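What follows is a single structure, written as C-alpha coordinates, with notes after it.
So that you can tell them apart, the chains are marked A, B, C and D in the order they are listed, and the count of residues begins at 1 in each.
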Amino acid sequence: MLKSALGGESVKLDQLEWHPLPEGFVMWKLLHVSSEAGSWTVMFQAPKGSSFAGHIHSGPGEYFLTKGKIEVRGGEAEGGVSATGPSYGYEACNARHDETLILEDSEIYMTFQGPLQLIDDEGRTIGVLGWEQAQAMWDEQTG
Amino acid sequence: MLKSALGGESVKLDQLEWHPLPEGFVMWKLLHVSSEAGSWTVMFQAPKGSSFAGHIHSGPGEYFLTKGKIEVRGGEAEGGVSATGPSYGYEACNARHDETLILEDSEIYMTFQGPLQLIDDEGRTIGVLGWEQAQAMWDEQTG
Amino acid sequence: MLKSALGGESVKLDQLEWHPLPEGFVMWKLLHVSSEAGSWTVMFQAPKGSSFAGHIHSGPGEYFLTKGKIEVRGGEAEGGVSATGPSYGYEACNARHDETLILEDSEIYMTFQGPLQLIDDEGRTIGVLGWEQAQAMWDEQTG
Amino acid sequence: MLKSALGGESVKLDQLEWHPLPEGFVMWKLLHVSSEAGSWTVMFQAPKGSSFAGHIHSGPGEYFLTKGKIEVRGGEAEGGVSATGPSYGYEACNARHDETLILEDSEIYMTFQGPLQLIDDEGRTIGVLGWEQAQAMWDEQTG
(Lines give C-alpha, C1' and ligand atoms only; values in the text may rest on other atoms or scores of the structure.)
Protein backbone atom coordinates (compact mmCIF):
# COMPACT_ATOMS: atom_id res chain seq x y z
CA MET A 1 0.00 0.00 0.00
CA LEU A 2 1.59 3.23 -1.12
CA LYS A 3 0.30 6.66 -0.34
CA SER A 4 2.10 9.87 -0.99
CA ALA A 5 1.37 13.45 -0.11
CA LEU A 6 2.21 15.33 -3.26
CA GLY A 7 -0.55 17.89 -2.98
CA GLY A 8 -1.98 19.70 -0.02
CA GLU A 9 -4.29 18.08 2.48
CA SER A 10 -6.74 19.52 4.95
CA VAL A 11 -8.49 17.51 7.63
CA LYS A 12 -11.27 18.83 9.86
CA LEU A 13 -10.49 17.08 13.11
CA ASP A 14 -14.07 16.82 14.30
CA GLN A 15 -14.93 14.79 11.25
CA LEU A 16 -12.53 12.01 12.19
CA GLU A 17 -13.62 9.64 14.93
CA TRP A 18 -11.32 8.47 17.68
CA HIS A 19 -10.20 4.86 17.53
CA PRO A 20 -8.42 2.86 20.23
CA LEU A 21 -4.76 1.91 20.07
CA PRO A 22 -4.23 -1.83 20.60
CA GLU A 23 -3.81 -1.43 24.36
CA GLY A 24 -7.29 -0.02 24.56
CA PHE A 25 -7.07 3.12 26.67
CA VAL A 26 -5.39 5.63 24.41
CA MET A 27 -7.44 6.84 21.45
CA TRP A 28 -5.89 8.09 18.25
CA LYS A 29 -6.55 9.70 14.86
CA LEU A 30 -4.16 9.27 11.94
CA LEU A 31 -3.89 12.66 10.26
CA HIS A 32 -1.21 12.12 7.64
CA VAL A 33 1.43 9.81 6.24
CA SER A 34 4.32 10.70 3.93
CA SER A 35 5.25 7.34 2.52
CA GLU A 36 8.25 8.57 0.56
CA ALA A 37 9.93 10.30 3.49
CA GLY A 38 8.56 7.92 6.09
CA SER A 39 6.96 10.57 8.30
CA TRP A 40 3.50 10.49 9.86
CA THR A 41 1.26 12.62 12.03
CA VAL A 42 -1.26 11.65 14.68
CA MET A 43 -3.48 12.99 17.43
CA PHE A 44 -3.72 11.10 20.72
CA GLN A 45 -6.32 11.38 23.44
CA ALA A 46 -4.87 9.72 26.52
CA PRO A 47 -6.88 9.44 29.73
CA LYS A 48 -5.32 9.82 33.15
CA GLY A 49 -3.70 6.58 34.20
CA SER A 50 -3.07 5.31 30.67
CA SER A 51 0.41 4.94 29.20
CA PHE A 52 2.39 4.41 26.03
CA ALA A 53 4.43 1.22 25.84
CA GLY A 54 8.22 1.38 25.54
CA HIS A 55 9.69 2.50 22.21
CA ILE A 56 12.69 4.04 20.50
CA HIS A 57 12.28 6.87 17.99
CA SER A 58 14.07 6.04 14.72
CA GLY A 59 14.05 9.70 13.83
CA PRO A 60 13.10 12.91 15.58
CA GLY A 61 9.56 13.41 16.84
CA GLU A 62 7.81 16.58 17.93
CA TYR A 63 4.71 16.93 20.05
CA PHE A 64 2.29 19.65 20.98
CA LEU A 65 0.60 18.71 24.24
CA THR A 66 -2.50 20.86 24.04
CA LYS A 67 -3.70 19.90 27.53
CA GLY A 68 -2.99 17.43 30.29
CA LYS A 69 0.18 16.16 31.89
CA ILE A 70 2.60 13.47 30.77
CA GLU A 71 5.82 12.00 32.07
CA VAL A 72 8.37 11.23 29.36
CA ARG A 73 11.60 9.27 29.81
CA GLY A 74 10.92 8.68 33.52
CA GLY A 75 9.84 12.23 34.23
CA GLU A 76 12.02 14.85 35.81
CA ALA A 77 12.91 12.55 38.69
CA GLU A 78 14.90 10.38 36.29
CA GLY A 79 16.28 13.00 33.96
CA GLY A 80 13.27 12.95 31.66
CA VAL A 81 10.46 15.43 31.26
CA SER A 82 7.20 16.08 33.07
CA ALA A 83 5.22 18.19 30.64
CA THR A 84 2.03 20.08 31.39
CA GLY A 85 -0.09 21.36 28.54
CA PRO A 86 0.10 23.50 26.65
CA SER A 87 3.67 22.40 25.96
CA TYR A 88 5.92 21.68 23.04
CA GLY A 89 8.41 18.80 23.06
CA TYR A 90 11.16 17.52 20.81
CA GLU A 91 12.29 13.94 21.08
CA ALA A 92 15.61 13.30 19.40
CA CYS A 93 16.50 10.61 16.90
CA ASN A 94 17.07 7.38 18.87
CA ALA A 95 15.43 8.71 22.03
CA ARG A 96 14.39 5.72 24.11
CA HIS A 97 11.10 5.98 25.96
CA ASP A 98 10.29 3.32 28.45
CA GLU A 99 6.70 3.52 29.65
CA THR A 100 5.29 7.04 29.16
CA LEU A 101 2.81 7.85 31.90
CA ILE A 102 -0.28 9.98 31.47
CA LEU A 103 -0.85 11.87 34.72
CA GLU A 104 -3.90 13.88 33.63
CA ASP A 105 -6.33 13.53 30.74
CA SER A 106 -4.15 14.62 27.81
CA GLU A 107 -4.34 15.49 24.15
CA ILE A 108 -1.20 15.21 22.07
CA TYR A 109 -0.56 16.21 18.46
CA MET A 110 2.59 14.49 17.25
CA THR A 111 4.71 14.39 14.12
CA PHE A 112 7.04 11.43 13.65
CA GLN A 113 10.01 11.07 11.35
CA GLY A 114 10.55 7.37 10.73
CA PRO A 115 9.14 4.42 12.63
CA LEU A 116 9.05 3.64 16.32
CA GLN A 117 10.86 0.52 17.49
CA LEU A 118 8.55 -1.07 20.03
CA ILE A 119 10.75 -2.52 22.75
CA ASP A 120 10.52 -4.78 25.76
CA ASP A 121 12.00 -3.98 29.17
CA GLU A 122 15.47 -4.98 27.99
CA GLY A 123 15.28 -2.67 25.00
CA ARG A 124 14.89 -5.46 22.45
CA THR A 125 12.75 -4.65 19.43
CA ILE A 126 9.47 -6.55 19.58
CA GLY A 127 7.72 -4.67 16.82
CA VAL A 128 7.86 -1.69 14.50
CA LEU A 129 5.28 1.07 14.16
CA GLY A 130 5.81 3.42 11.26
CA TRP A 131 3.69 5.12 8.64
CA GLU A 132 2.86 1.82 6.98
CA GLN A 133 1.72 0.00 10.10
CA ALA A 134 -0.16 3.10 11.24
CA GLN A 135 -1.90 3.39 7.89
CA ALA A 136 -2.84 -0.29 7.89
CA MET A 137 -4.25 -0.08 11.41
CA TRP A 138 -6.19 3.07 10.56
CA ASP A 139 -7.58 1.61 7.36
CA GLU A 140 -8.79 -1.41 9.28
CA GLN A 141 -10.41 0.72 11.96
CA THR A 142 -12.07 3.16 9.60
CA GLY A 143 -12.64 0.95 6.55
CA MET B 1 33.55 13.78 11.84
CA LEU B 2 30.89 16.15 13.09
CA LYS B 3 28.19 14.84 15.31
CA SER B 4 25.29 16.67 16.87
CA ALA B 5 24.35 15.12 20.19
CA LEU B 6 20.82 16.30 20.63
CA GLY B 7 18.63 15.31 23.49
CA GLY B 8 15.02 16.09 24.13
CA GLU B 9 13.52 19.51 24.63
CA SER B 10 10.43 20.60 26.45
CA VAL B 11 8.96 24.07 26.28
CA LYS B 12 6.09 25.27 28.44
CA LEU B 13 4.23 27.50 26.03
CA ASP B 14 2.96 29.93 28.63
CA GLN B 15 6.50 30.77 29.59
CA LEU B 16 7.32 32.10 26.14
CA GLU B 17 6.04 35.54 25.28
CA TRP B 18 4.48 36.38 21.94
CA HIS B 19 6.53 38.58 19.62
CA PRO B 20 5.38 40.28 16.44
CA LEU B 21 6.37 39.17 12.97
CA PRO B 22 7.82 42.04 10.90
CA GLU B 23 4.42 42.95 9.45
CA GLY B 24 3.18 43.64 12.93
CA PHE B 25 -0.18 41.92 13.25
CA VAL B 26 0.71 38.26 13.52
CA MET B 27 2.45 37.18 16.73
CA TRP B 28 4.77 34.20 16.92
CA LYS B 29 6.82 31.97 19.21
CA LEU B 30 9.80 29.99 17.95
CA LEU B 31 9.59 26.56 19.56
CA HIS B 32 12.40 24.65 17.92
CA VAL B 33 15.04 24.61 15.20
CA SER B 34 16.89 21.60 13.81
CA SER B 35 19.87 23.22 12.18
CA GLU B 36 21.27 20.04 10.71
CA ALA B 37 18.09 18.98 8.96
CA GLY B 38 16.86 22.51 8.37
CA SER B 39 13.48 22.10 10.04
CA TRP B 40 11.79 24.46 12.50
CA THR B 41 8.63 24.75 14.53
CA VAL B 42 6.55 27.77 15.47
CA MET B 43 3.30 28.89 17.00
CA PHE B 44 1.37 31.75 15.38
CA GLN B 45 -1.40 33.88 16.85
CA ALA B 46 -3.07 35.63 13.97
CA PRO B 47 -5.92 38.08 14.53
CA LYS B 48 -8.88 38.32 12.21
CA GLY B 49 -8.00 40.45 9.22
CA SER B 50 -4.29 39.77 9.33
CA SER B 51 -2.47 37.77 6.68
CA PHE B 52 0.74 35.99 5.81
CA ALA B 53 2.72 37.38 2.89
CA GLY B 54 3.30 35.28 -0.23
CA HIS B 55 5.76 32.42 0.03
CA ILE B 56 6.82 29.07 -1.41
CA HIS B 57 7.52 26.09 0.84
CA SER B 58 10.95 24.60 0.06
CA GLY B 59 9.89 21.42 1.79
CA PRO B 60 6.71 20.04 3.27
CA GLY B 61 4.99 21.89 6.10
CA GLU B 62 2.29 20.71 8.48
CA TYR B 63 -0.05 22.79 10.58
CA PHE B 64 -2.46 22.23 13.41
CA LEU B 65 -4.97 25.06 13.44
CA THR B 66 -6.21 24.83 17.00
CA LYS B 67 -8.85 27.52 16.52
CA GLY B 68 -9.93 30.15 14.06
CA LYS B 69 -10.36 30.20 10.31
CA ILE B 70 -7.80 30.65 7.56
CA GLU B 71 -7.84 30.72 3.79
CA VAL B 72 -4.86 28.99 2.17
CA ARG B 73 -3.94 29.08 -1.51
CA GLY B 74 -6.88 31.33 -2.35
CA GLY B 75 -9.37 29.36 -0.29
CA GLU B 76 -11.82 26.86 -1.69
CA ALA B 77 -13.04 29.31 -4.29
CA GLU B 78 -9.68 29.11 -6.05
CA GLY B 79 -8.81 25.47 -5.47
CA GLY B 80 -7.16 26.11 -2.13
CA VAL B 81 -8.33 25.41 1.36
CA SER B 82 -10.57 27.23 3.84
CA ALA B 83 -9.75 25.63 7.15
CA THR B 84 -11.67 26.03 10.38
CA GLY B 85 -10.06 24.99 13.66
CA PRO B 86 -9.47 22.48 14.93
CA SER B 87 -7.97 21.33 11.64
CA TYR B 88 -4.85 19.64 10.38
CA GLY B 89 -3.18 20.64 7.13
CA TYR B 90 -0.31 19.42 5.00
CA GLU B 91 1.34 21.77 2.55
CA ALA B 92 3.47 19.97 0.00
CA CYS B 93 7.04 20.68 -0.99
CA ASN B 94 7.02 23.66 -3.37
CA ALA B 95 3.45 24.66 -2.49
CA ARG B 96 3.03 28.31 -3.40
CA HIS B 97 0.97 30.45 -1.09
CA ASP B 98 0.06 33.87 -2.21
CA GLU B 99 -1.46 35.94 0.57
CA THR B 100 -2.94 33.71 3.29
CA LEU B 101 -5.97 35.37 4.85
CA ILE B 102 -6.99 35.07 8.48
CA LEU B 103 -10.79 35.14 8.62
CA GLU B 104 -11.17 34.65 12.38
CA ASP B 105 -8.76 35.00 15.30
CA SER B 106 -6.54 31.97 14.79
CA GLU B 107 -3.83 29.97 16.49
CA ILE B 108 -1.56 27.84 14.35
CA TYR B 109 1.13 25.34 15.38
CA MET B 110 3.36 24.65 12.40
CA THR B 111 6.33 22.47 11.56
CA PHE B 112 8.44 23.45 8.55
CA GLN B 113 10.92 21.37 6.61
CA GLY B 114 13.34 23.75 4.92
CA PRO B 115 13.02 27.49 4.39
CA LEU B 116 10.22 29.57 2.95
CA GLN B 117 10.94 31.54 -0.19
CA LEU B 118 9.30 34.90 0.35
CA ILE B 119 7.90 36.00 -2.99
CA ASP B 120 6.40 39.03 -4.64
CA ASP B 121 3.25 39.01 -6.73
CA GLU B 122 5.12 37.62 -9.72
CA GLY B 123 6.52 34.74 -7.68
CA ARG B 124 10.06 36.14 -7.58
CA THR B 125 12.04 35.39 -4.45
CA ILE B 126 12.48 38.55 -2.38
CA GLY B 127 13.76 36.87 0.75
CA VAL B 128 14.31 33.59 2.52
CA LEU B 129 12.95 32.59 5.93
CA GLY B 130 14.35 29.36 7.31
CA TRP B 131 15.54 28.07 10.66
CA GLU B 132 18.52 30.42 10.65
CA GLN B 133 16.60 33.62 9.92
CA ALA B 134 13.88 32.56 12.37
CA GLN B 135 16.45 31.88 15.06
CA ALA B 136 18.18 35.21 14.46
CA MET B 137 14.89 37.13 14.62
CA TRP B 138 13.84 35.28 17.76
CA ASP B 139 17.18 35.87 19.46
CA GLU B 140 16.89 39.56 18.71
CA GLN B 141 13.35 39.74 20.05
CA THR B 142 13.99 37.76 23.20
CA GLY B 143 17.62 38.66 23.86
CA MET C 1 17.04 25.30 22.87
CA LEU C 2 19.45 22.81 21.38
CA LYS C 3 21.22 23.67 18.20
CA SER C 4 23.71 21.67 16.22
CA ALA C 5 26.17 23.92 14.46
CA LEU C 6 27.47 21.73 11.70
CA GLY C 7 29.89 22.85 9.10
CA GLY C 8 31.23 21.03 6.09
CA GLU C 9 33.23 17.84 6.12
CA SER C 10 35.66 16.45 3.62
CA VAL C 11 37.07 12.95 3.73
CA LYS C 12 39.86 11.71 1.47
CA LEU C 13 38.76 8.14 0.87
CA ASP C 14 42.26 6.70 0.52
CA GLN C 15 43.06 7.85 4.02
CA LEU C 16 40.38 5.67 5.56
CA GLU C 17 41.11 1.98 5.88
CA TRP C 18 38.59 -0.70 5.05
CA HIS C 19 37.15 -2.63 7.96
CA PRO C 20 35.07 -5.81 7.85
CA LEU C 21 31.37 -5.91 8.54
CA PRO C 22 30.47 -8.53 11.17
CA GLU C 23 29.91 -11.25 8.56
CA GLY C 24 33.50 -10.88 7.48
CA PHE C 25 33.46 -10.69 3.71
CA VAL C 26 32.12 -7.23 2.97
CA MET C 27 34.42 -4.34 3.89
CA TRP C 28 33.13 -0.88 4.75
CA LYS C 29 34.08 2.72 5.54
CA LEU C 30 31.81 5.01 7.51
CA LEU C 31 31.90 8.40 5.81
CA HIS C 32 29.32 10.42 7.69
CA VAL C 33 26.55 10.40 10.25
CA SER C 34 23.86 13.03 10.79
CA SER C 35 22.72 12.24 14.28
CA GLU C 36 19.94 14.79 14.33
CA ALA C 37 18.26 13.64 11.13
CA GLY C 38 19.31 10.02 11.53
CA SER C 39 21.02 9.69 8.16
CA TRP C 40 24.40 8.08 7.44
CA THR C 41 26.72 7.43 4.54
CA VAL C 42 29.02 4.51 3.84
CA MET C 43 31.22 2.91 1.22
CA PHE C 44 31.13 -0.85 0.76
CA GLN C 45 33.63 -3.12 -0.98
CA ALA C 46 31.88 -6.41 -1.57
CA PRO C 47 33.72 -9.34 -3.18
CA LYS C 48 32.04 -11.69 -5.62
CA GLY C 49 30.08 -14.33 -3.73
CA SER C 50 29.50 -12.20 -0.64
CA SER C 51 26.09 -10.92 0.39
CA PHE C 52 24.20 -8.52 2.62
CA ALA C 53 21.88 -10.07 5.19
CA GLY C 54 18.14 -9.41 5.07
CA HIS C 55 16.95 -5.95 6.10
CA ILE C 56 14.18 -3.39 5.77
CA HIS C 57 14.96 0.26 5.03
CA SER C 58 13.25 2.53 7.59
CA GLY C 59 13.66 5.42 5.20
CA PRO C 60 14.82 5.86 1.63
CA GLY C 61 18.33 4.82 0.64
CA GLU C 62 20.31 5.67 -2.46
CA TYR C 63 23.32 3.91 -3.88
CA PHE C 64 25.93 4.58 -6.49
CA LEU C 65 27.38 1.25 -7.61
CA THR C 66 30.68 2.40 -9.08
CA LYS C 67 31.63 -1.05 -10.33
CA GLY C 68 30.57 -4.68 -10.07
CA LYS C 69 27.22 -6.42 -10.17
CA ILE C 70 24.61 -6.89 -7.48
CA GLU C 71 21.22 -8.51 -7.21
CA VAL C 72 18.73 -6.56 -5.11
CA ARG C 73 15.31 -7.78 -3.96
CA GLY C 74 15.76 -11.16 -5.66
CA GLY C 75 17.13 -9.70 -8.88
CA GLU C 76 15.14 -9.21 -12.03
CA ALA C 77 13.88 -12.77 -11.95
CA GLU C 78 11.83 -11.98 -8.87
CA GLY C 79 10.81 -8.41 -9.61
CA GLY C 80 13.90 -6.90 -8.06
CA VAL C 81 16.94 -5.37 -9.69
CA SER C 82 20.16 -6.75 -11.13
CA ALA C 83 22.46 -3.73 -11.28
CA THR C 84 25.77 -3.51 -13.09
CA GLY C 85 28.15 -0.68 -12.28
CA PRO C 86 28.22 2.14 -12.87
CA SER C 87 24.61 2.35 -11.75
CA TYR C 88 22.42 4.46 -9.51
CA GLY C 89 19.69 2.98 -7.36
CA TYR C 90 16.93 4.25 -5.11
CA GLU C 91 15.45 2.01 -2.46
CA ALA C 92 12.17 3.27 -1.09
CA CYS C 93 11.15 3.73 2.51
CA ASN C 94 10.20 0.29 3.87
CA ALA C 95 11.82 -1.58 0.98
CA ARG C 96 12.49 -5.12 2.17
CA HIS C 97 15.69 -6.73 1.00
CA ASP C 98 16.15 -10.37 1.68
CA GLU C 99 19.68 -11.53 0.97
CA THR C 100 21.42 -9.18 -1.48
CA LEU C 101 23.84 -11.13 -3.66
CA ILE C 102 27.13 -9.79 -4.97
CA LEU C 103 27.71 -11.33 -8.39
CA GLU C 104 30.99 -9.53 -9.20
CA ASP C 105 33.49 -7.64 -7.08
CA SER C 106 31.56 -4.47 -6.29
CA GLU C 107 32.02 -1.05 -4.77
CA ILE C 108 28.95 0.74 -3.44
CA TYR C 109 28.57 4.27 -2.10
CA MET C 110 25.35 4.51 -0.16
CA THR C 111 23.36 7.14 1.71
CA PHE C 112 20.79 5.95 4.24
CA GLN C 113 17.90 7.85 5.78
CA GLY C 114 17.05 6.18 9.09
CA PRO C 115 18.11 2.78 10.37
CA LEU C 116 17.97 -0.64 8.76
CA GLN C 117 15.82 -3.25 10.46
CA LEU C 118 17.85 -6.44 10.32
CA ILE C 119 15.39 -9.27 9.73
CA ASP C 120 15.29 -13.04 9.74
CA ASP C 121 13.74 -15.15 7.00
CA GLU C 122 10.25 -14.49 8.34
CA GLY C 123 10.77 -10.74 8.30
CA ARG C 124 11.04 -10.40 12.08
CA THR C 125 13.38 -7.72 13.34
CA ILE C 126 16.46 -9.27 14.91
CA GLY C 127 18.47 -6.09 15.17
CA VAL C 128 18.73 -2.46 14.16
CA LEU C 129 21.58 -0.79 12.29
CA GLY C 130 21.39 2.98 12.14
CA TRP C 131 23.77 5.87 12.45
CA GLU C 132 24.36 5.16 16.12
CA GLN C 133 25.20 1.49 15.75
CA ALA C 134 27.30 2.27 12.66
CA GLN C 135 29.19 4.96 14.53
CA ALA C 136 29.80 2.67 17.52
CA MET C 137 31.07 -0.13 15.30
CA TRP C 138 33.32 2.23 13.38
CA ASP C 139 34.72 3.79 16.53
CA GLU C 140 35.55 0.35 17.85
CA GLN C 141 37.24 -0.68 14.62
CA THR C 142 39.22 2.51 14.17
CA GLY C 143 39.76 3.56 17.77
CA MET D 1 4.49 18.12 -12.55
CA LEU D 2 4.67 15.73 -9.65
CA LYS D 3 6.92 12.73 -9.46
CA SER D 4 7.40 10.58 -6.44
CA ALA D 5 9.71 7.71 -5.69
CA LEU D 6 7.51 5.25 -3.92
CA GLY D 7 9.08 2.13 -5.39
CA GLY D 8 12.66 1.27 -6.16
CA GLU D 9 14.54 2.71 -9.08
CA SER D 10 17.64 1.57 -10.90
CA VAL D 11 19.47 3.61 -13.51
CA LYS D 12 22.33 2.31 -15.63
CA LEU D 13 24.50 5.40 -15.88
CA ASP D 14 25.89 4.66 -19.34
CA GLN D 15 22.37 4.73 -20.73
CA LEU D 16 21.85 8.35 -19.76
CA GLU D 17 23.50 10.98 -21.92
CA TRP D 18 25.26 14.00 -20.50
CA HIS D 19 23.56 17.35 -20.96
CA PRO D 20 25.00 20.80 -20.37
CA LEU D 21 24.07 22.99 -17.44
CA PRO D 22 22.99 26.48 -18.53
CA GLU D 23 26.51 27.87 -18.23
CA GLY D 24 27.66 25.38 -20.85
CA PHE D 25 30.82 23.79 -19.48
CA VAL D 26 29.58 21.48 -16.76
CA MET D 27 27.61 18.44 -17.93
CA TRP D 28 25.03 16.71 -15.78
CA LYS D 29 22.67 13.76 -15.49
CA LEU D 30 19.58 13.86 -13.29
CA LEU D 31 19.39 10.51 -11.51
CA HIS D 32 16.49 10.96 -9.13
CA VAL D 33 13.98 13.32 -7.58
CA SER D 34 11.92 12.81 -4.44
CA SER D 35 9.17 15.35 -4.87
CA GLU D 36 7.56 14.74 -1.52
CA ALA D 37 10.70 15.21 0.53
CA GLY D 38 12.28 17.67 -1.88
CA SER D 39 15.54 15.77 -2.40
CA TRP D 40 17.31 15.09 -5.69
CA THR D 41 20.40 13.34 -6.99
CA VAL D 42 22.69 14.21 -9.86
CA MET D 43 25.98 13.35 -11.51
CA PHE D 44 28.24 16.16 -12.73
CA GLN D 45 31.12 16.01 -15.19
CA ALA D 46 33.08 19.20 -14.75
CA PRO D 47 36.11 19.95 -16.93
CA LYS D 48 39.20 21.67 -15.60
CA GLY D 49 38.65 25.42 -15.52
CA SER D 50 34.89 25.26 -15.22
CA SER D 51 33.01 26.34 -12.13
CA PHE D 52 29.69 26.28 -10.32
CA ALA D 53 27.99 29.62 -9.76
CA GLY D 54 27.35 30.90 -6.23
CA HIS D 55 24.62 29.20 -4.21
CA ILE D 56 23.34 28.45 -0.74
CA HIS D 57 22.25 24.94 0.24
CA SER D 58 18.74 25.00 1.75
CA GLY D 59 19.41 21.62 3.29
CA PRO D 60 22.40 19.34 3.64
CA GLY D 61 24.15 18.02 0.53
CA GLU D 62 26.62 15.17 0.18
CA TYR D 63 29.03 14.52 -2.63
CA PHE D 64 31.23 11.70 -3.77
CA LEU D 65 34.01 13.14 -5.93
CA THR D 66 35.04 10.04 -7.84
CA LYS D 67 37.95 11.78 -9.58
CA GLY D 68 39.40 15.22 -10.14
CA LYS D 69 40.00 18.18 -7.90
CA ILE D 70 37.63 20.90 -6.72
CA GLU D 71 37.84 23.93 -4.51
CA VAL D 72 34.79 24.47 -2.31
CA ARG D 73 34.04 27.56 -0.23
CA GLY D 74 37.24 29.31 -1.36
CA GLY D 75 39.44 26.25 -0.92
CA GLU D 76 41.71 25.64 2.03
CA ALA D 77 43.28 29.06 1.69
CA GLU D 78 39.98 30.66 2.76
CA GLY D 79 38.76 28.10 5.26
CA GLY D 80 37.01 25.98 2.68
CA VAL D 81 37.97 22.66 1.18
CA SER D 82 40.24 21.57 -1.65
CA ALA D 83 39.09 18.04 -2.40
CA THR D 84 40.90 15.52 -4.57
CA GLY D 85 39.06 12.44 -5.80
CA PRO D 86 38.17 9.99 -4.57
CA SER D 87 36.72 12.06 -1.75
CA TYR D 88 33.52 12.35 0.21
CA GLY D 89 32.11 15.70 1.28
CA TYR D 90 29.24 16.94 3.41
CA GLU D 91 27.91 20.44 2.95
CA ALA D 92 25.76 21.61 5.82
CA CYS D 93 22.31 23.13 5.68
CA ASN D 94 22.72 26.81 4.75
CA ALA D 95 26.32 26.37 3.57
CA ARG D 96 27.12 29.25 1.23
CA HIS D 97 29.27 28.48 -1.78
CA ASP D 98 30.54 31.32 -3.78
CA GLU D 99 32.12 30.21 -7.03
CA THR D 100 33.26 26.56 -6.82
CA LEU D 101 36.36 26.05 -8.94
CA ILE D 102 37.16 22.87 -10.83
CA LEU D 103 40.94 22.46 -10.80
CA GLU D 104 41.11 19.13 -12.65
CA ASP D 105 38.61 17.23 -14.80
CA SER D 106 36.15 16.03 -12.18
CA GLU D 107 33.20 13.73 -11.74
CA ILE D 108 30.83 14.37 -8.86
CA TYR D 109 27.89 12.32 -7.62
CA MET D 110 25.75 14.50 -5.38
CA THR D 111 22.62 14.15 -3.27
CA PHE D 112 20.73 17.32 -2.33
CA GLN D 113 18.16 17.86 0.38
CA GLY D 114 16.05 20.84 -0.62
CA PRO D 115 16.74 23.47 -3.25
CA LEU D 116 19.80 25.60 -3.91
CA GLN D 117 19.41 29.35 -3.62
CA LEU D 118 21.32 30.77 -6.55
CA ILE D 119 22.98 33.96 -5.35
CA ASP D 120 24.81 36.94 -6.71
CA ASP D 121 28.06 38.31 -5.29
CA GLU D 122 26.19 40.05 -2.47
CA GLY D 123 24.43 36.84 -1.45
CA ARG D 124 21.05 37.90 -2.79
CA THR D 125 18.86 35.13 -4.19
CA ILE D 126 18.61 35.42 -7.97
CA GLY D 127 17.03 32.05 -8.56
CA VAL D 128 16.13 28.72 -7.05
CA LEU D 129 17.22 25.28 -8.25
CA GLY D 130 15.48 22.38 -6.59
CA TRP D 131 14.01 19.06 -7.64
CA GLU D 132 11.28 20.74 -9.62
CA GLN D 133 13.51 23.05 -11.63
CA ALA D 134 16.01 20.22 -12.14
CA GLN D 135 13.28 17.90 -13.36
CA ALA D 136 11.90 20.54 -15.73
CA MET D 137 15.35 21.25 -17.19
CA TRP D 138 16.06 17.54 -17.58
CA ASP D 139 12.72 16.86 -19.22
CA GLU D 140 13.38 19.63 -21.69
CA GLN D 141 16.86 18.35 -22.48
CA THR D 142 15.89 14.72 -22.83
CA GLY D 143 12.30 14.99 -24.07
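Note that contacts are C-beta pairs under 8 Å (C-beta built on N, C-alpha and C of every residue); 3 or more make two chains touch, one makes a residue touch a chain.
Model, not experiment: these values are computed from the prediction.
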{"item": "Far-end chain from chain B, centres as C-alpha averages", "value": "C"}
{"item": "Pair of chains joined by more contacts [C-beta pairs], B-C or A-C", "value": "A-C"}
{"item": "Centroid spacing, where centroids are CA-atom means, of chain A and chain C in whole angstrom", "value": "28"}
{"item": "Gap in Å, rounded to a whole number, between the CA centres of chain B and chain A", "value": "22"}
{"item": "Separation of chain B from chain C, taking each centre as the mean of its C-alpha atoms, in whole Å", "value": "36"}
{"item": "For chain A, residues that touch 2 or more chains besides their own", "value": "5-7, 34-37, 60, 90, 92-93"}
{"item": "Partner chain B, residues of chain C touching it in the complex", "value": "1-7, 9, 32-37, 135"}
{"item": "Interface residues, chain B side, partner chain A - complex", "value": "6-14, 31-32, 34, 37, 41, 43, 60, 62, 64, 66, 72-73, 80-81, 83-84, 86-92, 95, 109, 111"}
{"item": "Touching residues (chain side chain C, partner chain A) in the complex", "value": "2, 35-38, 58-60, 92-94, 113-115, 117, 125, 127-128, 130-132"}
